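Down below is the structure, laid out as structure tokens.
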Amino acid sequence: MYITRRERFNAAHRLFREDFSNEENLKVFGKCSNPMWHGHNYELFVTVKGEIDPQTGFVMNLKTLSEIVNEFIISKIDHKNINLEVDFMKDKIASTEVLAQTFFEILKPQIEKHNAQLHCVKLYETENHYVEYFG
Amino acid sequence: MYITRRERFNAAHRLFREDFSNEENLKVFGKCSNPMWHGHNYELFVTVKGEIDPQTGFVMNLKTLSEIVNEFIISKIDHKNINLEVDFMKDKIASTEVLAQTFFEILKPQIEKHNAQLHCVKLYETENHYVEYFG
Amino acid sequence: MYITRRERFNAAHRLFREDFSNEENLKVFGKCSNPMWHGHNYELFVTVKGEIDPQTGFVMNLKTLSEIVNEFIISKIDHKNINLEVDFMKDKIASTEVLAQTFFEILKPQIEKHNAQLHCVKLYETENHYVEYFG
Amino acid sequence: MYITRRERFNAAHRLFREDFSNEENLKVFGKCSNPMWHGHNYELFVTVKGEIDPQTGFVMNLKTLSEIVNEFIISKIDHKNINLEVDFMKDKIASTEVLAQTFFEILKPQIEKHNAQLHCVKLYETENHYVEYFG
Amino acid sequence: MYITRRERFNAAHRLFREDFSNEENLKVFGKCSNPMWHGHNYELFVTVKGEIDPQTGFVMNLKTLSEIVNEFIISKIDHKNINLEVDFMKDKIASTEVLAQTFFEILKPQIEKHNAQLHCVKLYETENHYVEYFG
Amino acid sequence: MYITRRERFNAAHRLFREDFSNEENLKVFGKCSNPMWHGHNYELFVTVKGEIDPQTGFVMNLKTLSEIVNEFIISKIDHKNINLEVDFMKDKIASTEVLAQTFFEILKPQIEKHNAQLHCVKLYETENHYVEYFG
């Protein structure tokens, strides 16, 4: 049984490498490398896997799942600059792929404390683009 | 090849255990345990798996799939009280997880009569919460 | 300039008149008159009209608007039975129209305290049905 | 007859006044005043009003409308920092209201060149918040 | 008070004038003039205006509204070729504007039989394009 | 790591077999067999699987993925008659299943040129119906 919770955050970012020139960044990352930043309304879907607890009918209390995602992810990234202000993205490329992978690594041990397993982190950057990471 | 049909229903429910006090129910199930009921617009996605029939180009006739879901699920739960009026939920906790699992068990033999296999039941309770069950 | 805030609530209700027999209620209100209740995920859009404050660039602070809608509407109706538990719907028919009109009357004086005018209350009951009330 | 075209852009911004201290900005604009920026996927709906041209069945050629919006708005703001890089927002507060009003003023004369009138600019900042400006 | 019902239909069409050459049609209507047809999932929103009936809490019974739209519009256009098979579109350009205007003229007298007024027909051709007609 | 790109196209089609009579086609394919065609707004989701390139933070450049889908699929099917004008659908039944399978076979070798693997083609025909093919 899989249960999924959606959370949202708005953030600024840019895609670039410090060891690239502006021209190289533009070539590889296009307009996403704009040095003055741009931003997105991100949608995050966190999917947890487990058995139904016969006592509650739940795989995991949805309120608990929401609190974990808010405490460890949303509160640290919402209305922030991903490249400059988010500790867990320091020295990483702020691509959707790297974000999803990083969220997965952060959430996995927190969810395991509640007798469930993190199955998937799905992250939408725009309505035309999303990534999924299964660990 | 996987083919998915969406159906919708509106129903009232509450989450609670008869062997719990009101305080215990409130603690475990929060405002979802309100004894006076609340309700949802549920969205149900039924995914069927099979080979493409070279005669029709179909895995399964979508009209047949829709009729099965309506006959065995929607007609019994739409505009109903899940706890009080739905036979297949009798003495069960009316959580999204238990609903999805019960729908799966009901639909599986019906779909197998049509040379296809039930792959997944996905059920949205709100835009921020859904479950998936694969049997 | 018009500014709109979306809020959501889940509630149980039924459409009926006490002075009608069950048969009359069923004839007029159809399956929505089920005496055991059913429910919906309601979506509420509150639109406020005003001049842009040159100091802030706002017609009205969105956080204030959200707090008003939550204090006077959402906290009283979310996860409730509209017919039995919501004071402002007492002795009223729990139709989408009457809900929208009642919300408008409640919100209007609250929003006027903030130098803005309530323009419209829009209420979705399902993805196929909404009402709008302009006072 | 009214015809509407949707376009989208992603941008970074912050809400603040240079003549406010950081504390004042935080008090008035909340987390939207973060000095390091945040961003959004904006959705822009441009509504044009006119008679149906009996020759074409169109109020206005949708391709032309899309080209106008892209030339005068999207190409200047997409993947940009609204406060720092967008000429028409210079020295303005980058609120949704001011954006919509500015877009309206820019688009109005361009659309009037095509025998139609700009009726409304509607701008979504998040799924829970939009503004409408009618000139 | 305004009440809106959504209905959907899928149809083939092309935009063209018989008195134009293929080149002229291509110039004016672009790829929408393809002589072999293309098609859309149309979404139709019909908005009715009236007083709330104190007996029912309704402006108009939603089931009645849906039946009218289905009898006079959907059953005649769904899964059809708009240019070749739909009587009320004969000799008309199959643009979204002309469709909406025609639907309005057809629905107006039917809705007036039920003590309500047709306020608006809104028609989506794609997620990026819709028209509204108010009579 | 999985990355998905959405593209859209509008097309006309019908479901039928030349070796069936009109009556047989109507019996098997229902109104979808209308000889005068009907059409849809199709939504296509292409999911690619691969390792994150540490140089770019990408599984695959999204612009490249979009260009491939547009060159090999969208440009050939958008605003076309699937049965009559699309080479890769010649002599095939124009069902959603066969479309998805055919898209998969076309896209697979193109995506493999970019050090990634095609994982899934998901195709929506209406909001109530989609198919998925994994090869």
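Which chain is which? They are A, B, C, D, E and F, in the order written, and residues in each are numbered from 1.
Following the convention adopted for this analysis, a contact is a pair of C-beta atoms (placed from the backbone, for glycine too) under 8 Å apart; a residue touches a chain by one contact, two chains touch by 3 or more.
Keep in mind that what you see is a predicted model, and the values were worked out from it rather than measured.
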Each chain counted as touching subunit B and subunit F at once: A
Touch-network distance, subunit C to subunit D, counted in steps: 1
Interface sides of subunit B and subunit C: same vs different residues, half threshold: same
Label of the chain whose CA centroid is most distant from the centroid of subunit C: F
Chain pair among B-C, B-F or C-D whose interface repeats that of A-D, sharing over half of the contact pairs by residue number: B-C
Farthest chain relative to subunit E (centres taken as mean CA coordinates): A
Whole-Å gap between the CA centroids of subunit C and subunit F: 42
Subunit D-subunit E separation of Cα centroids, rounded to whole Å: 29
Where subunit D and subunit F are represented by their mean Cα positions, the distance between them in whole Å: 34
Touching two or more other chains - residues of subunit B: 127
Full enumeration of touching chain pairs: A-B, A-D, A-F, B-C, B-F, C-D, C-E, D-E, E-F
Interfacial residue positions of subunit D with respect to subunit A in the complex: 8, 10-13, 31-32, 34, 36-41, 78-81, 84-85, 126-127
Residues of subunit E defined as touching subunit C within the complex: 1-7, 47, 52, 55-59, 61-63
Touch list for subunit A against partner subunit F, complex: 15, 17, 28-30, 92-98, 100-101, 127-134
